[in-house]
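Below you'll find a set of structures to go through.
Each of the two complexes below includes chain A, the first together with chain B, the second together with chain C.
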Partner chain A sequence: MAMEKRLQKELQALVNDPPVGIKVDADQIGQNLSEWLVNVDGAPGSIYNGEKFQLQFKFGSRYPFESPQVVFVGPNIPVHPHVYSNGHICLSILTDDWSPALSVQSVCLSVVSMLSSCKEKKRPPDNAIYVKTCSKNPKKTRWWYHGKQCYHSEYKTSLLGMSSMGINT
Partner chain B sequence: MSSEFKYDPEVNYDEATMAQQRQIEKEVATKQQLIGPQEDLSQLEMEFAEDAVYFQKTKCLQKKYSHMRRTRGDGNCFYRAFCFAYFETLLHNRTEYDRFKDIAARSKEMLLSLGFPQFTLEDFHDVFMEVLEKVGSQCALDDLLDTFNDQGHSDYLVVYLRLLVSGHLQKEDEFYSNFVEGGRSVQEFCSQEVEPMGKESDHIHISALTAATGVSIQVEYLDRGSDDSVIGHVFPEGTTPQIYLLYKPGHYDILYK
Partner chain C sequence: MGNCLKSPTADDISLLRGNDSQDGSEASSEPPPPYQESVHVPMYHPAPNISRPASQLTEEEQIRIAKRIGLIQHLPTGIYDGSKKIRECVICMGEFCVGDAVRYLPCMHIYHKECIDDWLMRSFTCPSCMEPVDAALLSTYET
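Let's turn to the complex of A and B:
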């Protein structure tokens, strides 16, 4: 099966030759490889220097043609304008811009780079309402990627005053 | 639309919307194979019996073409139609096959030199070359059709062509930057509109794929343009087309003379 073959190859590469600050917990991974935990260090020189985070990856049978489900888990969820307090991440490569040429490693590196470019620790503006109403699976959120801003769609539609437009969803 | 919509912050609308979208995708998938059988072009005429403009245009199209093959509208139809139609011609054209095989074999190095990760690129290139080998062994047409209708194999081919397009656009970055809309860089355009599966293709994608592969195609545009004729565009301009595609807004099928 394409998914298992590909994940096997990715796992081997991450275990044998991990990028700095990224470490996969190979013992945690079950037989069918469909769920991984990856330990990620805040990059030196960034405001997350010295912090340790954990990313959970879940893969469907259509991986790598469909993106993995990726969330922060564990005791330390980074405080960042694109990371919700429940661990959901607003990052375009995790949904709209996912490509089968990306990998677990490239996702981890993108997440670290997203953290590193942040100058001030704060939660997304719509954190409270999102965490209250969202699905457990962040892929079931329709994210709006707009320059440096990032919203889930209901926040955007409420901003636009959708109800006044009488749009029927 | 029944009653006026009232936004309820307690409700998760995203899930409902996406469930509906998945349902539509499923319906499309059960109705249409990735690459369908060859059918008489008069079938298209029946499809537009109720629409005078399109009906007249399909009549006109039948003067130039005899058959068609439908493809699944999953956002990858241009790549899949291109690949199948071209591989089909390679079954009977050794000289062209040898030319293309050489380009395909060398394309991996080109993509690696542009910074695509070897790790994932390799898989897609390997499967692409495997299927090309099969074409080289002059497999039966049905065999080729089966390969293209097996989603596992078929999507590998689509991904590789997407990477080829992305690679070509980035290599010719200076030229193509004039055609990228929305104030994006060519690289951003590639990661948003080329590399992800299901993103539809436009002139810029077609231009890049034909340039990267050296394959000439003619696209017949079936749309609501003013007169009864169907406008055909050859990519690259001035070349002799090797394959023919039919464009209906948002979708590509294959045409045969």
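Let's turn to the complex of A and C:
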């Protein structure tokens, strides 16, 4: 199967030659490779320096043609404007901008780089309502990606609604 | 004439009877036939993360997919001969072997034909450089 063959190669590369701060625990990965846990370190020099995070990857049978589900799990979910307290990440390469040339490694590096560019530890503005109403699968969320802010679509709709009513947000 | 009409009828009946009795005995003495893959329904991808059978596509989506298939057929294909700089198909992460069917995109990235066609049906962009394939195609037609 194409998905397993490719994941096997990715796993091998990540175990043999891992980038700094990224470590996959191969023993935790089941036989069919469809679920991985990757340990990610906050980058030195960033406000997450010294923190340890864990990313969970879930691969469907159409991987790499379809993106994996990627969420933060475990005791330490980074406090970041694009990371919800339930671990969901608002990052366009995980949905709209996915490409089969991306990989577990490049996704991890993108997430670390997203964390590193942050100056202030803050949750997304719509965190409370999102974690109450979202699907378990972050790919089912309709994300709106625009520069610094990140909203799921229901929140955006309500924002637009408020501004059309003359309420400043 | 009479014979012509008669004999097939007789044959048909005998065949039916034969089949009937055979089927009956098979059903009682033998286990059910081995599992057969149900008829393969091709899936289409109106967007990268959406998969639907043809019967559940809107007319608009059907037209777009048909156009897409046509455009993909315009992209040049070849057989990998080992002379290219690109040695690996980034989609399957497998090395190209001499004799593999490959497809060339306008940005000069190459992939296994099977791998890239599967992707292009979802998104008409190059996986490596994200260059839209149709824009490049159109400009090559114009010049």
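We adopt the following convention: the second predicted complex is superposed on the first by the 161 of 169 C-alpha atoms of A that agree within 3 Å, B and C clash if a C-alpha of one lies under 4 Å from a C-alpha of the other, contacts with A are read in each partner's own complex, and residues count from 1 in each chain.
To be clear about the criterion, a residue touches a chain if its C-beta (ideal position, glycine included) is under 8 Å from a C-beta of that chain, and two chains touch if they have at least 3 such contacts.
Values in this document were obtained by computation on a predicted structure and should not be read as measured data.
S.K.: Just chain B (first), just chain C (second), both, or neither: which does A:Ala2 touch?
M.R.: Once the two structures are laid over each other on A, A:Ala2 reaches both partners.
S.K.: Give one of first, second, both or neither to describe whether A:Pro100 is in contact with chain B, with chain C, with both, or with none.
M.R.: Touch status of A:Pro100: both partners.
S.K.: What's your read, chain B or chain C touching more residues of chain A?
M.R.: Higher number of touched chain A residues: B.
S.K.: After superposition on the shared chain, which partner residues are touched by A:Ile129: those of chain B (first), chain C (second), both, or neither?
M.R.: A:Ile129 contacts chain B only, not chain C.
S.K.: After superposition on the shared chain, which partner residues are touched by A:Lys121: those of chain B (first), chain C (second), both, or neither?
M.R.: In the superposition, A:Lys121 touches no partner, neither chain B nor chain C.
S.K.: If we overlay the two complexes on their shared chain A, which of chain B and chain C does A:Thr141 touch? Say first, second, both or neither.
M.R.: first
S.K.: Is A:Phe65 contacted by the first partner chain B, the second partner chain C, both or neither?
M.R.: Both partners.
S.K.: Could you pull out which residues of chain A sit against chain B in one structure and against chain C in the other?
M.R.: Residues common to the chain A contacts of chain C and of chain B are 2, 6, 9-10, 64-65, 96-101, 103, listed in rising order.
S.K.: For chain A, which residues count as touching chain C in their complex?
M.R.: Those in contact with chain C are residues 2, 5-6, 9-10, 62, 64-67, 95-101, 103, 139.
S.K.: What residues on chain A touch chain B, complex-wise?
M.R.: 2, 6, 9-10, 13, 64-65, 92-93, 96-103, 105-106, 129, 132-135, 140-142, 152-154, 157-158, 162-163, 166-169
S.K.: If you look only at chain B, which of its residues touch chain A in the complex?
M.R.: Per the touch definition, chain B meets chain A at residues 1-2, 4-7, 9-18, 116-117, 119-121, 123-124, 152, 155, 159, 162-163, 191-192, 195-197.
S.K.: Give every residue of chain C touching chain A within the complex, in rising order.
M.R.: Interface residues on chain C, with respect to chain A: 48-49, 51, 90-94, 115, 118-119, 122-123, 125, 127-128, 130.
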